[in-house]
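These are the structures, in structure tokens.
Each of the next two complexes has subunit A plus one more chain, namely subunit B in the first and subunit C in the second.
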Partner chain A sequence: MKRRLGIQLPQLVILVFLVSMLGLAFRLDISLTSLLGDALVRLVMNGVLVLSLVPMLNAGIGINYGLPVAITAGLLGLCLAVNFKITGLPGFAAAVLFAVPLATILGYGYARILNCVQGREEITATFIGFSFVPLMNYFWAVAPFSNPAMLWPIGGKGMRPTIGLRDYFSKELNTLWSFHLFGITVPAGLLLFFALCCLAVGIFFKTRTGVAMIALGENEAFAKLSGMNISRLRILAVILSTILGAVGICVYAQSYGFIELYDAPQMMAFPAASAILVGGSAGKKTTLLHVILGTFLFQTTYVISGPIANALMVPEVAEIFRMMITNGIILYALVHEGKRTREKYAAS
Partner chain B sequence: MRHLNPVSAVFLLLSLVGLLLSGMRPTFVVNEVLIRFIRDGVMVLALIIPINAGMGLNFAIVVGAMCAQVGLVLAVDLQLTGFTGLLFISVIGIGLSLLLGALIGLCLNRVKGKEMISTIIIGFLATSIYQLIFMVGYGTIIHPHNPEMMLSRGIGIRNMIDLQGFRNILDKLWLFRLGEIEIPLFMILLVLIFAGIVHSIMNTRLGRQLVAVGLDGRKAAMVGIDTEGVRVKAIILSTVLACCGHIIYIENIGMLNVYTAHLNSDIFSCAAILAGGATIFRAGIANALLGVLLFHSLFIVSPQAGQNVFGNPALGEYFRSFVAYGTIAFALMMQRQAADRN
Partner chain C sequence: MSNSKRPIILAVLLTLFSISGVFAATPSYKIGIVTPTLSASEDEFRGAVLVANKYPGMIKHLVLPDHFSEEQETAITQILSLGDDPEIKAVVICAGYSGILPAIEKIKAKRPEMVVITAPIWDDPDMMAKYIDLSLDTDWVQRGITIPTKAQAMGAKTFIHYSFPTHMAKEVLAKRRDKMKETCGKIGMTFVEISTPDPTTGGGRSPMLQFLQEDIPRQIAKYGKDTAIFGTNCPMQDVIIAKALELKFIMPEQCCPTPTQGFPAAMGLEITEKDAGNFAKINEQIKEKAAATGTTGRLSTWPVAVGYFFPEFAARLAMLKVEGKLPSFDLAVIEPVAREVAGVDVRFTPMKPGLNNYFLIIMDSIIY
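What follows is the complex of A and B.
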């Protein structure tokens, strides 16, 4: 326990990577202030998705590798908003409003399945997510949406793989109340939105139900003895995660400027999982600090590595390095957690 | 197999319906299924040993596949062809998979209870390291001998390597014709020989220990079995078999898609063995062989069936990937209930 406050290996790797990248960026004359502005945008762009992992982690269900389910709900909300041609901030709000009930329904079904597979949630969630994507591909290919901006230009049937949001609500939050400070663009509205989401989750975990959920995650046997309704709490946690994930993809899409359908959600769970693990949540209660720190560190490597790799003429390297870091961190966390449980068994 | 497993029955039914809807000639389908059988058979057999050792589906067989691809790229680089080349590839591939298999095994001993998710992540991680080596390492650190396989910028290997020197050198051995059906007898025998090897491994001392560890690790440890060692051996064997399977696969296709050829082999193999009626705790030779036949029958007919019914071949494609992922998800969901019943 003496290493509790020390920096752990994942943070160390990321920090070393970041510092060397920053040094390289400095040498290549890439503007650091614009990088910092981008890093702030990317923090929120992915932050809500990372935040969505928290309820399930704290309820002891594990990392939500089934994030594509939540993302699908969000994409449906976005598509509905675009279909009704709602523009500007109301468009974004409408997307979120449409997405939340859908996420609740999907999350409930998803939670029921996860309740049947206790102890094996993560792998099952992975494959529920993986198999949900082709199932939704069916839907996207025949979906009865009518806005021609979303449909294939030829034939007019089936959704396009990427839908541009420029005429609807692209970057609405990014530009809201944004101001310049020492040459850095600070997206105040975006940061405020993220802060509100974090605050909502923080307050939830202070309520009776939230505290019960954390207790369940820490010790299931004890929670059962003290008469909590475990299956209800778990279902609630999954639904909350799904709703937050749906909101997360809405933020992501408006920030990115495109809705990506079809196979795009398939691999989105892994960077999010990696970010929260970088933040230091492996094997203990996840706090908002883990979310914010992890997302910021992880996404900043994304922001910096892109321009550097382009300057160095081998553009694929950035993507490969990101993949390596993403999966390396998840694997490290798995092994590390395995060691902890082994020590616990040895001690008892 | 006294009665057909429900999962297998569903696959059989879907394949037959698909066959009717697609309007394909049955002889064509049989030929295709036979080709897929020799291509993917050994890869599916590689899953049996870890399942029986209680480690679940080993998605890290992609690492074995990558070992085979490393061997192939090196052989093309050194311009080896024919049977010498094949021998070289096998030596390199198997050597490398012994080493990496041991590493994966050691890693999995630290994540007991979460082996499957770990093997998936190991597969992703290995893929990115592999891509780094061949996309960036080649031409900068490693000096190629064969300039034909390099990208024009001088760094990195081309996506596609033509394996003229290896294409179908095994498949044409003892090729029989039965009416319109071509039977590559040598290759079928080869797959069956691998099946025999797996079967005999399961019947050796190691095989018995594997099953004991799979049933109850703690009890196995009490009677003096080195459970961790047995688990490492299971993964090594699985990785080596996967490597052999992938050599056969690439040799049959005759082209090497350097960066993507290995990517779906894990998912498809796992879905195939589950289609054959295996569970996450028990699998036999019959499950693997039957599974390959059933899974690939469905795979062959579904795009055409999708085209005929919906007028859109993409829908058949989506159905295929849904079946692959969905079979695994379904097996994972059902597992718990089966365990509760006992």
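What follows is the complex of A and C.
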């Protein structure tokens, strides 16, 4: 039963850690309601980015360490929406609409490269991400955007490293239909958006193509024998991941209130990858539960450990504990995955 | 020769003389200016571009690799190439990195007459004073006294210091924190130290920024609006200023005091190409936005970016030195040049007692 719920030993360890920290926060008089409100915001803020890893994981391509490619498409969409001065919810919608076709194009190119390096996708993706960021740095520095709120304050040309969304669509989803429940601010609009994204992915994996993609991830040789177009399925998975990543950064940026350009996307793949591993996705088949559970556990440890660490006056200790536990679980997940892969190869 | 031709010949001769005069007025030397890339630090980069535009043909602008610490060898080779160019008589390095001194030592060994000014680099101060003609830097530690004092004058009763373990392991930043604590104790302000997730570990800077977004409202709810918030890391400033506009607390100074850090993103300043780099206009816009958000008197910084000021100031001093108009870098001589370049008073203190070629600066503040 536990297994079916996706909660295994590592998740139990982190849950116990979380609950004991919540207890400590309660004793230290830290407002639990505000902590829980923050945890809900963080779940969605990072959740869509974590969700974007699912298609590539399920198609057997591995963790999308090239997430910066997807993020760049999203950032371009956000910048276009701000450049045309579209405000409020339409501004956010426009950013997503601009981002999707860009993500499709970038995702296609990215997929073609990954198809050339089958078996070494994760390390290749990491380097694609790392080399794409500096390439985009040149683009941002010379990009012909015209809204003066986005341009360098001294040079007057090229994009600023951070662009404020206060006058555009900052926190539009966070405040949409948000209500208070037992003192907790529930960002209903934000949660609904995340639920819709999850639903879309869930439905996709129930379709013929989705099922074929999972089959490809489970056993490539079998998929090949049953006449599936493997290359096409892999390309589709990468494009889907890229599109979701682009939407993810739009959600992230509106919630954070700033668009962050230049080197900001460089390390963003790692928290997302950590979250999905913490969620228990150690093998090929990754479910929505892994995404939600992983993001919630990983981000909530951040939300709670900070205030507790500072209240206890030994700031380093809780930070060290948090890092030990989350990194330990990631290590466990990777070892577990390695074991499964070895067993699979031994059997075949 | 007919009389009618004389004026023409005279005019031709005059033109030739004046042209040669122009050439004679353009000095026959060059100054190398080294800065980080545009994306690593706009201020220094644009400062160097400004100098290059002011003195066309006299400046060779070199840009260091984006990830300096990973490509230090490339950086050293780049700097050494300046020493190989006989036209270059002075090198100005505005980079804020550690590990550049070996390149300067090599240049000085080869060409002892080369004037080298750093503004700033962060190597061992005694070694720097030995090899570098003039070292300039911001007075980071002294700001541990000036910032809380200014915050109190702006009405603060509590002073919050946000930082993280890697920053607090840096001597200068830890010393400044200690000075802030000490000053707060002396002037009767509560000092609160808060540790954020470390941006140098795995997850990058987003966990730190998300923590700030969540924690600032908690602290303001606890200590009230008359609280000054100071963060030791550049990306923090966007969030701190944005939250100051929302919660009306005091932001006495950023980690790198300049109107171009934090304010443009947090306030959504619309700076046209015409006004870009015009600090008077930018300050005016910040004032207007502060008034519109009810934060007049709650935000402050230095009126000019130090990083933008240093390249021009250092290049001017280098020129005076190369042209033999500056026998030594005496404070009485360099202070007026600093005032002329910055447009406000700049105070210099020796880095250590007895050092007469390593000075730290503090500028006058502007309260919006």
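Simple rule for what comes next: the second predicted complex is superposed on the first by the 302 of 348 C-alpha atoms of A that agree within 3 Å, B and C clash if a C-alpha of one lies under 4 Å from a C-alpha of the other, contacts with A are read in each partner's own complex, and residues count from 1 in each chain.
One rule holds for everything that comes next: contacts are C-beta pairs under 8 Å (C-beta built on N, C-alpha and C of every residue); 3 or more make two chains touch, one makes a residue touch a chain.
These numbers were taken from a predicted model, which means no experiment stands behind them.
Of the two partner chains, both subunit B and subunit C are touched by A:Phe270.
In the superposed pair of complexes, A:Ile128 makes contact with subunit B only, with no contact to subunit C. In the superposition on chain A, contact is made by A:Gly328 with subunit B only, not with subunit C.
Using the contact criterion defined above for the overlaid structures, shared-chain residue A:Pro161 touches subunit C, although it does not reach subunit B. When both complexes are overlaid on chain A, the residue A:Tyr65 reaches subunit B alone and has no touch with subunit C.
Applying the stated contact rule after C-alpha superposition, one finds that A:Ala309 touches subunit C and leaves subunit B untouched.
Residue contacts after overlaying the shared chain place A:Asn137 against subunit B and subunit C alike. Overlap of the subunit B and subunit C interfaces on subunit A comprises residues 134, 137, 141, 158, 270, 316, 323, 327.
Those residues of subunit A lying in contact with subunit B across their complex are 65, 113, 116-120, 122-124, 126-128, 130-131, 133-135, 137-138, 141-142, 158, 270, 313-314, 316-317, 320-321, 323-324, 326-328, 330-331, 334-335, 337-339, 342.
Remark: subunit A residues 30-31, 34, 38, 42, 45, 134, 137, 140-141, 147-149, 151-158, 160-164, 166-168, 256-258, 262-264, 266-268, 270-271, 274, 302-303, 306-307, 309-310, 315-316, 319, 323, 327 touch subunit C in the complex. By the touch criterion given at the top, residues 56, 107, 110-114, 116-118, 120-122, 124-125, 127-129, 131-132, 135-136, 153, 155-156, 267, 312, 314-315, 318-322, 325-326, 328-329, 332-333, 335-337 of subunit B touch subunit A in their complex. By the touch criterion given at the top, residues 37-39, 42-43, 46, 49, 66, 165, 194-198, 201-207, 209-211, 213-215, 217-218, 235, 238-239, 242, 245, 259-260, 264-277, 282, 305, 308 of subunit C touch subunit A in their complex.
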